[in-house]
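Each of the next two complexes has chain A plus one more chain, namely chain B in the first and chain C in the second.
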Partner chain A sequence: MTVALELALVVFVVSTAVATAVLRDIVASIAVFAAFSLGISVIWLVLQAPDVALTEAAVGAGIMSVLLLVTVAKTARASDEGALVSVNPRALAAVGLLLLVLVSTVPALPEVGSEEAPALQKTVDGELTPYGYYVEEAYNETGVENSVTAVLVYYRGFDTFGEATVVFSAVVGVLVALGGSRRWGEE
Partner chain B sequence: MTGIGLFAGHQYQIAFVLLVGVGLYTMIDAKNLVKKVIGLNIFQVGLFLFLVSSGYLAGAGPAIIDGEGRYVNPLPHVLILTAIVVGVSLTALALALIIRVYDEYGTLDEEHIQEVMDGD
Partner chain C sequence: MRRTYFESPIVMTTVRLVAPFALTYGAFVTLHGAESPGGGFQGGVVVAATVITVAFAFGVRPTVDWVDERVVVGVFAGGMLAFGAVTVGTVLLGGAVLQVDLLPVSIKYGIEAVEVFIGAIVAGVVTSLFFLLSEGGDGE
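This part shows the complex of A and B:
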């Protein structure tokens, strides 16, 4: 049952990604991309990552679609001939080569969900790994039940600080880029 | 049959490879600049899928600690939360620059932009 659900989700996500790539109309592309984000956020739920699922649904499917649609509204909706883009054999060959290399490494990776996976070992040579530490000690040390929040704020606070810096820089960049925009300013 | 058996339990990693491929192809091939940004986002999501699935433990609950139990690894979730927000910042900046490009050249098509630049 779970395997069937997982496979269905994976097929849905990959096919919406392909549809996003091949649709010529940009608004149709954006609509399918929103469906893709929604599918991915369900996958995050199945992978027991509710925090990531919430962020993806709000940011990926919500804010991202709005940003893309606003951009199209401010610029042009190109309406060329044909509903689908024509395949570029050289790009396809280059990407196919990369995929061949990547796929050949997949059987060597640990199976998803297996207890043998290196990321799921609590101790290595008698010492706690980060995973073991976050699961065993984080609650006693911080009193936060959700260990994602504990790690985000308590142990990796500098990451979050860096993230805030990136968001601030991006806002400054957007304002500078649009500050000289004639179309944007006159409305 | 053995060929398929080799990939059993790897469905998320296969999806990662395919999403990276679709995203990369869109970035290379798409003529529309907005479409290239969408390709970049698909590429990113592929990588997120690889990282989050590496911390997944079958039958375990989310990493919300209530006594003894099996939990998934919270670290990839934290990294991906940060990466999603950074990705949106990047997209917003790219789209603002695309609006400026449209102001200057009157088109979003890569080849038309090149023609306009050559014409100047």
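This part shows the complex of A and C:
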């Protein structure tokens, strides 16, 4: 049952990804891309990463689609005949080759949630790994039950501060470019 | 520019009903990030998405006027300043970056506070991006 669901999810994600690439109408492409993001967010859930799933659903499927749609509404929309773009056979071959190389690594990956997975080892040669440290100590040290939050804000707070700065700088750039008038959108 | 707003009583009523719950959920995700999946980034995006939903129902221009862009800029600039103050403050107090246990609150509440600042930054930034992209520019 789970395998069938997962297979259906993968088929859904792959077909929406292909549709996003080949659809000529940008608005249709954005709509399919939102569906792709929603599928990916369910895959994150299956992979037991609810924090990432929540972000993907909100940012990927929600905000990104809206921002892309708003931008397209302000610019031209291609009205060429034909629903699909023409695909360059050489580019397709290159992408296919890359895909083959990437897929060939999949059998080497450990099973999802497998205890033998290298990333899930709490100790290596008797020494605590970062994962082991966070799992063993995060709650004792911070009193925070969601260790993802503990890592994000406490152990890797400097990175998070950098991320927030990037987001802040991005919007300052857009403000300078588009928000010139005293009241936005009013001359 | 093409006309992009169509007034619909069904959409307006639905949004009127859903928006308070969505805002509450955004606050919950931000404040409850220590115990459950989520945090400032996710909660902030949910809050911004609520504002965008309101804009879809009632039109972007009235929403910009209602929210007031100075508030939006104040929210993300204030969040950034507060986050920066905590980051620099913990170093000035002799600790590591964001070593929030140096603050006069428990670590957990220190982390929650930072999550709230992140939420403010993300909510303000995403709302600004939406407002600017749809209403900014050359004042069409």
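Throughout what follows, the second predicted complex is superposed on the first by the 175 of 187 C-alpha atoms of A that agree within 3 Å, B and C clash if a C-alpha of one lies under 4 Å from a C-alpha of the other, contacts with A are read in each partner's own complex, and residues count from 1 in each chain.
Quick note on the criterion: a contact is a pair of C-beta atoms (placed from the backbone, for glycine too) under 8 Å apart; a residue touches a chain by one contact, two chains touch by 3 or more.
This is a predicted model, so every value here is computed, not measured.
Partners chain B and chain C fit side by side in the overlay (superposition on chain A).
In the superposition on chain A, no contact is made by A:Val124 with either chain B or chain C. In the superposition on chain A, contact is made by A:Val148 with both chain B and chain C.
In the superposition on chain A, contact of A:Ile40 is made with chain B only, not with chain C.
In the superposition on chain A, A:Ala170 contacts both chain B and chain C. In the overlay built on the shared chain, the residue A:Leu97 is in contact with neither chain B nor chain C.
By the document's definition of touching, of the two partners only chain C reaches A:Ala73; chain B does not. Once chain A of one complex is fitted onto chain A of the other, the partner contacts of A:Asn88 are limited to chain B, with no touch recorded for chain C. Contact with neither chain B nor chain C is seen for A:Ala8 once the two complexes are overlaid on the shared chain. In the superposed model, A:Ala28 lies in contact with neither chain B nor chain C. Within the superposed three-chain arrangement, the count of touched residues of chain A is higher for B, of the candidates chain B and chain C. Once both structures are overlaid on their shared chain A, chain B and chain C have a minimum Cα-Cα separation of 7 Å.
Applying the stated touch rule to the two superposed structures, the overlap between the chain B and chain C interfaces on chain A comprises residues 50-51, 55, 59, 63, 67, 70-71, 74, 145-146, 148, 150, 152, 160, 167, 170-171, 174, 178, 181, 183-184.
Residues of chain A that touch chain B in their complex: 6-7, 10, 13-14, 17-18, 20-21, 26, 29-30, 33, 36-37, 40, 43-44, 47-52, 55-56, 59-60, 63-64, 67-68, 70-72, 74-76, 78, 85, 88, 91-92, 94-96, 98-99, 102-103, 106-107, 109-115, 117, 119-120, 130-131, 134-135, 138-139, 145-148, 150-152, 156, 159-160, 162-163, 166-167, 169-171, 173-174, 177-178, 180-184. Residue ranges of chain C in contact with chain A, taken from their complex: 1-2, 4, 29, 33-39, 41-42, 45-46, 48-49, 52, 61, 64, 69, 73, 76, 79-80, 83-84, 87, 97-98, 100, 106-108, 111, 114-115, 117-118, 121-122, 124-126, 128-140. Interface residues of chain B facing chain A in the complex, by the touch rule stated above, are 6-15, 17-26, 28-30, 32, 34-35, 37-39, 41-42, 45, 48-49, 52-66, 71-82, 84-86, 88-93, 95-100, 102-103, 107-109. Of all residues in chain A, only 50-51, 53-55, 58-59, 62-63, 66-67, 70-71, 73-74, 141-146, 148-150, 152-154, 157-158, 160-161, 164-165, 167-168, 170-171, 174-175, 178-179, 181, 183-187 touch chain C in the complex they form.
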